[in-house]
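Heads up, the next two complexes both have chain A, just with different partners, chain B and then chain C.
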Partner chain A sequence: MIQLIERSAGYRAAAGWIVGLAAIGMLAAGPWMVDTYYLNLLFMIGIFVITCTGMNILIGYCGIVSIGHAGLMAIGAYMSSFLSTKYGLSFWSVALIGMVVSLLIGSLIAIPTIRAGGVYLSMITIAFGVVIHEVLIRWDAFSGGPLGISGIAKPQIGSYTFDLKGMYIFVLVISATALLLARNLRRSSWGRSMIATKENEIAAASLGIRKFAVQYAGFAISSVLAGLSGAIYAHANSFISPDTYNFQTSVQLVLIVILGGAGRVLGPVIGAVIIVFLPELLDMEKLRMALYGGIMFAVLFFLPKGIVGTLDGWLSPRLRRYASANPRQVLSPEEAKALFASPVRASGQPILMLEGIQKHFGGLHALKDVSLTVEAGTIHSLVGPNGAGKTTLLNVISGLYSSDQGHYTLRGQPLIPRSLSAVAELGIARTFQHSRLFKELTVLENVMTGLAKRAQSGLGASLLRLPGQHRSERLMVETSHALLDLIGYEGDRHMPASQLPYGHQRMVEIARALATAPSLLLLDEPAAGMTALEIEQLEQLLRKLVGHGLTVILIEHHMDFVQRVSDTVTVLDFGKIIGTGSPEQMLSDPRVIQAYLGSEEVAASAEH
Partner chain B sequence: MSLILQLAISGLSVGCLYALIALGYSLTFVVNGTLNMSQGQLVMLGGVLMFGFAELGHLPFFVSFMLAALIVGLLNLGIERLAIRKFDKGVNSIEWVLSTIAVGIIIQDVALYVNGPDEGVTPSPMGDEMLRIAGAGIYWKEFVFLPVVAVLLVLLILFYKKSHWGLWLRATADNRTAVEIMGISSNKIVAVAYVLSGLLAGIGGALMSTNYAVSVDIGLPLGLKAISVAILAGVNNPKGIVAAGLILGISEAFIGQYISTAFREMFVYGLVILVLYWKPMGLFNARKTIVKV
Partner chain C sequence: MLSIKGLEVRYGAIHALKGVDVELKEGEIAAVIGSNGAGKTTLLQAVLGLVRPNAGVIELGGKPITRMSANKTSNLGVSLVPEGREVFGTLTVTENLRMGLKKKIGSVTKRQFEKELELVFERFPRLHERRNQLAFTLSGGEQQMLVLSRAMISKPRLLLLDEPSLGLAPIIVNEIFATINELAYEGTAILLVEQMAHKALSIAKRGYVVDNGSIALQGSSTALLNDDRMIKAYLGAH
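Let's look at the complex of A and B:
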């Protein structure tokens, strides 16, 4: 069965390649089929596809809307044109310089704005585009002012000078390559980390993914591609002027991406075809921008996933029906052990020690002098009424909040929880009170995202999908399947996480946290919303994990469950620890009952 | 000396307009974390309408002024309904950024289609008299921005402190869920914030048209300058925005005089980038948001 599925997936991949190559082959025949006018349009589509593939990575994968990429195209175009007209350098070297300068200036903008994030980023990129346009108009010596630069030499190889046909083929090859790189990226750890960060920054950070690194990578790729397409356009057209690179162009680029479908590899192709041909069809001079604005609005309203995304959403459930079984196997003990990274074997030793933790939120004293020792290889439960500070304590340990005071030691070493991602790298993984799965990714990909830090791969290797990268991807798929087997997940693993039932979401979240190979696992109300059967599964899982040497800190309200699984129970109330001990001892302690049920109940139960 | 004074007053006058426009971003951002990226185009619309009503329609000055402000305010109500409400899906959503940009493009292009590229200055009721302070000469019509904006700010503060709408706006800014639990529709409050923000844009544009030439292209640069003010101050800090607006106005006046008018804009944006390197949440921003998980 497994072989059969793998073979059918193999056939489909082969079919994809054949269709893709056939399409490129047909397009390559273009120059001999259509006249110069249409060839020019096809060339422009290619230019847009190159730029927008980069922007697709930025908008669709990273969730960053830049409305200044026309400025980066301009940098590539002007840098290369200036150098080739002034110093007679060849196209190949100036195009490279154009890409590098575009990357440098793009980085200058990206570094502060990614940190500020969100709407700031969009605003700054608009301003950036406007400034570049202004500079081009005013800096005569470099840009030729409003008249621009003309007489830019065509690229040459040996004695062959690229004419329009040659440039068209060149652009076709580059845009096909760009699309292939975007596809490779989407199927790598980098791509998954980008989408994870876009969907849920906090959950991604808890897996050790650093937001800045992945978002900057996206911005860098898009800057390089924008610079490249700018250089190619300038040298094919022989003439550039500032008006090619204004605010309107930047908006057009964004429109291409979202019309085609942000995050869909083929989105920019569909978007570019429509945006290039539409004005030809409508033949309108005035209100063209209003039309673009109207289309943008309509897309957001009626096709939020864009054309390709909507088609895919309709098609893929119908296609998947034929290939949805999962390779399921029973894990041998060795295989199961291999999933965990060198566990701390010495049970009974303290793995985590907290001393005098204090946390204030304004006037609220959320944690009051909390000291706690967690023994390795045990399940340590935190219980207490709502608002007792359990989740706050978990957030402090996992680095989401910084405490106002207190000392931490992890495995005897002082621990300074600086950020979620830094703590994750130290081998502390966590889940969240409310499910924080990456909804756009499949179940399997969610777990694979957790592996990103364990099997780090270079950005270049991911883009090119080098053989080593291929192998490590396969390994990640296998490991993720094994983890899903371990937690006993039996549903469809290629289903988007958004479609999972709640109980399954909780389990997959635990598998994802386990993928980081933690030695300490923090679970925030994992049984909430689970059926009795699922709770039983969870109980078995927790025992298995402890058997593999993991330590678990558990927040839970199901008291019978806590009583069954815990080795130690700590009770919190109003931010203070009111007791630590064995479950039997703690859960019958009158102070604990009072904290949960109020004093009258205690009086009543004391009478019995 | 008199030149310096003159530049300072002139800078303050334009700075208080920047502050007024930038406050429009802040009013809505604190309520639901969104803002109208087409604020600049709304200011432009206010100015163009003002000129149209007063100069081409020959309506009395104050009638034109009221009409321009009200139309823009109501337009922003529509924008909130169509371009914000459906797309405001939490902290990381980008749809509302795109939808309001689309609105801005449409407003600008339709305005260009209807109005044409011409620019015009609405004659101010203050006339063309000069005000002389210690040797410095400044037009009354420019100077008058300062008291007018001051009065507007006082009215805004009173609205926030004294009216129940103001109370609800402040409460929603603090905790939207809690307000909804009290049975107050937070959609309605967001809509009020957008109307206020639109009124500020309309008033800003109408005021601007009495001293500066307004045309349909001023929207985008103005919007960007106002957002620069908001970023410098921290977009959820109204007091900081007023300060940053005034500082920006003054620095622009001096840079224009002593360095170059051509590089005025670049200076502003360069400054914003530098501030973001140094303090990503703005210069005057003290409030830290707590993420709940």
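Let's look at the complex of A and C:
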């Protein structure tokens, strides 16, 4: 069965390569099939594909909508044109300089943009594009002012000078390469981390993914590609002016990405073909902007996932019918143990100690002098009425909130929970009360995001999909399958997480948290929404984890479950600890019955 | 009150409901039980009109509502309390409750609303304490109380509840179930999807067990509570 699936996946990959190469072959024959006019249009499509593939990574993967990338194209174009006309340097060296400068300036605007986030993010990129345009108009000595730079030399290799045909083939190769890199990226830890951060910053941070690093990487790649396409265009066209790179161009770039389908590798191709050809076909040169506006409106209204996204959404469930089953392997106990990188700790020693934790939200005193000792290798439950501060305490431990006062010790070392991702790196993983899976990723990919930090693959290696990358990716797939086996997830693992029923979402979230190889696992109401049978499986899972040396802090309201599974129970009420002890002791405490259980529940559990 | 016959729903290649029949009378509670992914939530969404059935008939008080949109069915008195506490986070508790009334036809005087509020606060004193707080600052359990109260204020004829006990302290779960029971006593028909099978069946008249898109088992609550298959799969060691 496994072989069969792998073979069919292999066939599909091979078919993809054949179709891709055939398409490139046909396009490469273009110059000898069509006249100059159409060849020029095809060349422009290639230029747009290069830029927009970078922007697709930024918009589609990272969720950063930049409306100023024409500015980065301009930097590549002007840098290379200036150096080439003034100092007579070859295209190859000035294009490289153009890319580097574009990367540097792109990095400069990436910092405030990523910090700002939300609506302000796009505003900063708009401002950037406008500033670059203005600078190019005024800085005569460098840019030639409003008249621009003309007579830019064509690229040469030896005695061959690139004509339009040559430039077209060159652009075709570069754009195919860019698309290949974008595809590789999407299938790597970097790509998954980008999408994870876009979808749920908090959950991504809890897996140790650093938002700035992944979003900056997206910005950097798109800056380099924008600079490169700017330089190629300038040298092919021999003439550039500030108006080649104005606000409208930036809008056009975003439109191509969104029309094609943000986040879809082939999206920019479809988008660029339509955006370049449509005005020509309709003979609407003067109404170009109005046409673009109309297209943008129609796409957002009718095809919010873009053309490729919509097609894929329609096709993939129909194709999956034939190709979905889970390759399953049963892990040997040693292999299962290897999933947990953390050393097994002698139980009975404190792993986490809290002292005098205080937390205020405005006037609300959410945690009042909370002190707690959690022993290694145990399941420690937090119970208490809704609003007692249980989740707040979990948020403080995991670094999502900072406490106003108090001391923490993790494995005997003082701990300062600075941020979610820093705490995650210390081996504390968590799940959330409301499931925070990355909905765009599949079940398997969700678990793989938890492995991103352990894999430590380089950005370059991910883009090029080097052999080592292949192996580590394969290992991640196997480990994720093993983790899903461990938690007993039986459903389709290649299904987008958005389609999972609630109870399964919670299970997958636990597998994802386990992927970070934690020594301490914080679970916020994992049994909510589970059936009695699933709760029993959860109970077995928790025992298994403790057997592997993990420590679990559990918030839960299913009292019979808490009673069966916990070594220690701490009861919180109004932000204060009202008692810690064995489950029997705590659940028969009159204060607990009065504040939390209610007398009916006690009567019911007394029957057993 | 509610009659569902041969209901089928497909999402692409997934056959979510495969011919489901449910009957529910006025003032009655029917419990819908089943594992995750069985199709329980889809059933509620099809009744309200959030998903379109591919086949089958849904009737409300003898009138077909099979392919009606959600805003039309809610005008007819169908109300859904979804899983996962959907409160209006940046409105206060009182404003959230006011939204429950907004759907009603005609104007409602301030006094009437205050009377409704009093009833809600009597039932859940916690909400009274927090009445001027923004809803997103409430704890999970308080949000669940708020969502349920908001649905109650709209005085539905048919109330669809999706896991109302989710994430609630045992004492609050008891209150919520008591409230559901009272609502039924006042004449509301209630379709109750719930994982706490034991509790749900103890207030329901009938129970339906959904498995993989079809009704695997049904009957009176007492019969189901004593059914071996039920005890094994859904009632647990209880």
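Observations
In this text, the second predicted complex is superposed on the first by the 592 of 608 C-alpha atoms of A that agree within 3 Å, B and C clash if a C-alpha of one lies under 4 Å from a C-alpha of the other, contacts with A are read in each partner's own complex, and residues count from 1 in each chain.
Quick note on the criterion: a residue touches a chain if its C-beta (ideal position, glycine included) is under 8 Å from a C-beta of that chain, and two chains touch if they have at least 3 such contacts.
Owing to the predicted nature of the structure, the values given are computational and were not obtained by experimental measurement.
In the three-chain model built by superposing on chain A, chain B clashes with chain C.
Contact with chain B, but none with chain C, is seen for A:Ala290 once the two complexes are overlaid on the shared chain. Of the two partner chains placed by superposition, only chain B is touched by A:Val135; chain C is not.
Applying the stated contact rule after C-alpha superposition, one finds that A:Thr113 touches chain B and leaves chain C untouched.
By the touch criterion defined above, A:Ile47 reaches neither chain B nor chain C. Contacts of A:Ile202 after superposition on the shared chain: chain B is touched, whereas chain C is not. With both structures placed on the common chain, the touch criterion links A:Gly387 to chain C but leaves chain B unconnected. Judged by the touch definition given at the top, the superposed model places A:Val254 against chain B, while chain C stays out of reach.
Partner contacting the larger number of chain A residues, of chain B and chain C: B. Contact with both chain B and chain C is seen for A:Phe361 once the two complexes are overlaid on the shared chain. In the superposition on chain A, A:Val65 makes contact with chain B only, while chain C stays out of contact range.
Counting contacts as defined above, chain A residues 361, 391, 433-434 meet chain B in one complex and chain C in the other. Contacts from chain A toward chain C in the complex involve residues 317-318, 320-321, 361, 364, 383-388, 391, 433-434, 491, 499-504, 525, 528-536, 557, 559-560, 595-598, 600-601, 608.
Residue ranges of chain C in contact with chain A, taken from their complex: 11-14, 34-38, 41, 83-84, 126, 137-142, 144, 163, 166-174, 195, 197, 233-238. Within the complex, the chain A residues that touch chain B are 59, 63-65, 67, 108-109, 111-113, 115-120, 122-124, 126-128, 130-131, 134-135, 138, 198-199, 201-202, 247, 251, 254, 258, 286-290, 292-294, 296-297, 300-301, 304, 361, 391, 395, 400-401, 432-434, 436, 524.
Of all residues in chain B, those touching chain A in their complex are 35, 37, 83, 86-87, 91-92, 94-95, 97-99, 101-106, 108-110, 113, 220-221, 224, 227-228, 231, 235, 262, 265-266, 269, 272-273, 276-277, 280-281, 290-291, 293.
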